[in-house]
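There's a structure below that I have some questions on.
In this document, chain identifiers A, B and C correspond to the written order of the chains, with residue numbering beginning at 1 in each.
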Amino acid sequence: MSRIRHYIDLEKAYLYLGVYTLKEYPLDSIIWIISIILREITGFIGVLLIARSLDGINGWDFYAICVLFSMAMLTESLGQSFVDSVWSIGSHVRKGKFDTYLTRPAPVLMQLLGSRCNFQAMSTFTMALVILIYGWEHIGIPLTIGNILFVLEFIICGTILNTSIYLAFNSLNFWLVNSGNVAELALTFRQFSKYPLSIFPKLIIGVMTYMIPFGFVGFYPASYLMGKTDWNVPVLLPIVMLIVASAAGLIWRTGMKGYNSTGT
Amino acid sequence: MKKFYYMVRMVFMEKMAYMKALLFDAAAALASIFVYYCLWRVVFKDRNEMQGFTMVEITTYIILSRTLAMQFSEGINREFALWIYEGSIGTEMLRPVRLFTNLFSRRVGEFLFYITFKAVPIMLLAFLLLGGAGPAGGINLLLFLLSVLISIGIMFYVEMLVGMGSFYTLTHYALGYTKTAVLDLLSGSVVPIFLFPGFIQEILTFLPFAGMVSVPINIFLGKYTLRESLMYIGIQCFWVIIMYFLAHGCFHKVIKKVVVQGG
Amino acid sequence: MALIEVENLVKEYKRKISGEGIKDALYHILHPVYETFRAVDDISFSIEKGESVGYIGPNGSGKSTTIKMLTGILTPTAGSIHINGRIPTKERIKNNREIGVVTGNRSTLYWDVPIIESFRLFQKLYEVPDNIFRKNLEEFTEIMGLESLLHVPERQLSLGQRMRCNIAAAFLHNPKTVYLDEPTIGLDSESKRRIRTFIKKMNDERDTTFIITSHDFQDIEMLCRRIILINHGKVVLDNDIEKVRKDFDQKKKVRFEVENNYAMKSGEHCLPGVSFQYIDSYLIEAEYNTEEVDAMTVVGFVSKYCPIKDITITGRDIETIVQDILYKRL
């Protein structure tokens, strides 16, 4: 129990450093906020413009697209805020930075995830919430306790799921140090998750559902909210999350063990 | 001139070291081409044309725009920002060439690498897989190439400005990301400019960014008459000159600051 | 049982042989060729609490690999390590609470935040009670001159200032053992001096155990009472530093300044166990073996021929001794 309290204390200290940099460098924070928002929004505007000039894409109208996009954005921005440093595994391996983490009395993964917080991304989180509410209202999704709980469940499980997929891909850097950043592949796959999956060929739908389940960080939960699927997403989501998180953890551990024996 | 050639060559060789990373870049580009292809296929399910574009032409638009847009996430702004950030700009300025020439030769080397190992293979592969319309005519192809070449000038100065701007930020890459996103949206590489609301369309056409993607592709597809094509290329040239003065103006200010603060 | 017990330690690396050029590189992707390289080859030693040990050897001799294994970063291929009875890679977190690690040219502090904030994070990380943290901070600030540095972000500090902060950070949690890998590399003399004073003080007053690798023999001579010399992954020498000096430093040098050395030079006078060298016309250097003659005999011998104006006697420093051991000049 005291172990857990210690880790919470430590996490707080890491978060404090994040807040500190945020407020100590205001100009930089603003530039970050703008850049993060712009990055997320370009794709969104693209699909919105297509949906606007037509009457929806495959039965997904303007507002449905808003809901889908904002849900994907919620998990992504939360991940960026708290655990963006999964993306530094590659550079940590190349620069031997894990050496330092290994000599400290806390789990390496925790030290890694704590090493950088971009609270600027909370701005995109807020924006995503606004877009979600906007789309929600226009579609007239009933505001039941069940639906609200589902959104909360989605925010938590979706963020963990999203981060786990990133962790798995980034951990490949333990083996492929000199091959550019393999983890970019994760972003390549994530491109598909921002659009209604149903527009893609069966093969891609299959991959996004069963292999690299980005479908569960946007498409399926949004479909569930809007009554577009028969799947029981509230039950499936945590299961998928658990499976992917354990797989990612396994890949990370194996990679770290390899690092221990070769010190690459 | 010989100096310039050797510097271009050196950058090209440097880039060769990242051959393996190329595969991931290509995969990402092909995937994004495919995503937009699927989106547009749905759009064209129950219509044959939209704003004068057919599916085949849109396919060309997607392939060319996504490939041209690959340059947005690169460019010398990263290197330039890093020089300022790490203070190695001093050493770079000691070289017996002007810093602008130094950077421009890097940019040309990068462009050559991009054309040979990224643009051409990816375009060919995508055209093979998805089909798409060829150039509307020989003159269109030539003007397309000319327009793309001129757009390098605009991109170069945008990158210079972004690189200098990074001097004012803590991290040297945040502005770079912003650049990628802005260029993606305003150049017409995410969606064709004709999808934007009327007045925004007007503005975008005359901003420097349209020249990087939208103008060359419209020329390629024969959407502009010869007169229009030449006019848009003229606008591109105009922007190159404007940006030239802008970049040089800012450059002297920034350099003074860098020298004073020591990076 | 000693604090640090190392027995028959071995570390082998598998290195991929990569070819030159694109063609070779592609070939090697399909047919990887490996070679085994033994970085640490059967090393044993034990270190008691409070000892200060210089772990020295040429580049690539296996120093850093050993340190990495001691600190639990690398898993040994064979052999065993016990730190305070624990195997560092097995009980990593418990072991880490009792050690401090400093690597020259690598910082563990946060780049963009003031030093004190990094220190506070370490306080949480190592669960240091407030009173101990405050007391240590105060003491370290004074010895290392950190007063003006604590509220400045690391990126605005010079290399020497950064290193001082890093070293202070490694001691905040009162570690039992501290590993210092090239702690003074590339530093100015002021920083070097402060760092050495600090380490010496920690060793004397707190009985902190040290293992130091350094290419700067001043570090070793000032800080260590014992050296372990390794080469090609094997221990060449493990002994008390004074004893090493005595054992190997049998040759000493006397330098005489005289009016004119012609009287001796021309006569080619000899003394068993001594070799003379004549520099210019007013210097004589005599290298003598301490087992055969003593300094007085040499001085007496020279003064017979030339009036002596000045004398300097020099022993060889530990650096030259180590060079001689390594390259078999003894």
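Here are a few things to note about the model shown:
The rule is simple: a residue touches a chain if its C-beta (ideal position, glycine included) is under 8 Å from a C-beta of that chain, and two chains touch if they have at least 3 such contacts.
Keep in mind that what you see is a predicted model, and the values were worked out from it rather than measured.
When chain centres are taken as C-alpha averages, the shortest distance to the whole-protein C-alpha average belongs to A. Set against the C-alpha centre of chain C, every other chain centre is closer than that of B. In whole angstrom, the spacing between the mean C-alpha positions of chain B and chain C is 53. One simple way to say how far apart two chains are is to compare their mean CA positions; for chain A and chain B this gives 28 Å.
Centre-to-centre separation of chain A and chain C, using mean CA positions: 47 Å. The multi-chain contact residues of chain A, meaning those touching 2 or more other chains, are 21, 25. Contact with two or more other chains is made by residues 112 of chain C. For chain B, the set of residues touching two or more other chains reads 170.
Contacts from chain A toward chain B in the complex involve residues 21, 25, 27-28, 31-32, 34-36, 38-39, 41-43, 45-47, 49-50, 52-54, 57-58, 178-182, 184-185, 187-189, 191-192, 195, 199-201.
Across the interface of their complex, chain A is touched by residues 18, 20-25, 27-28, 31-32, 35, 38-43, 50, 168-171, 174-175, 177-178, 180-182, 184-185, 190-191, 195-196 of chain B.
Note for the complex: chain C touches chain A at residues 13-14, 65, 68, 71-75, 89, 92-94, 96-97, 99, 101, 103, 106, 108, 110, 112-113, 117, 120-121, 124-127. Remark: chain A residues 6, 9-10, 12-14, 16-17, 20-21, 24-25, 96, 98-100, 102-107, 260-263 touch chain C in the complex.
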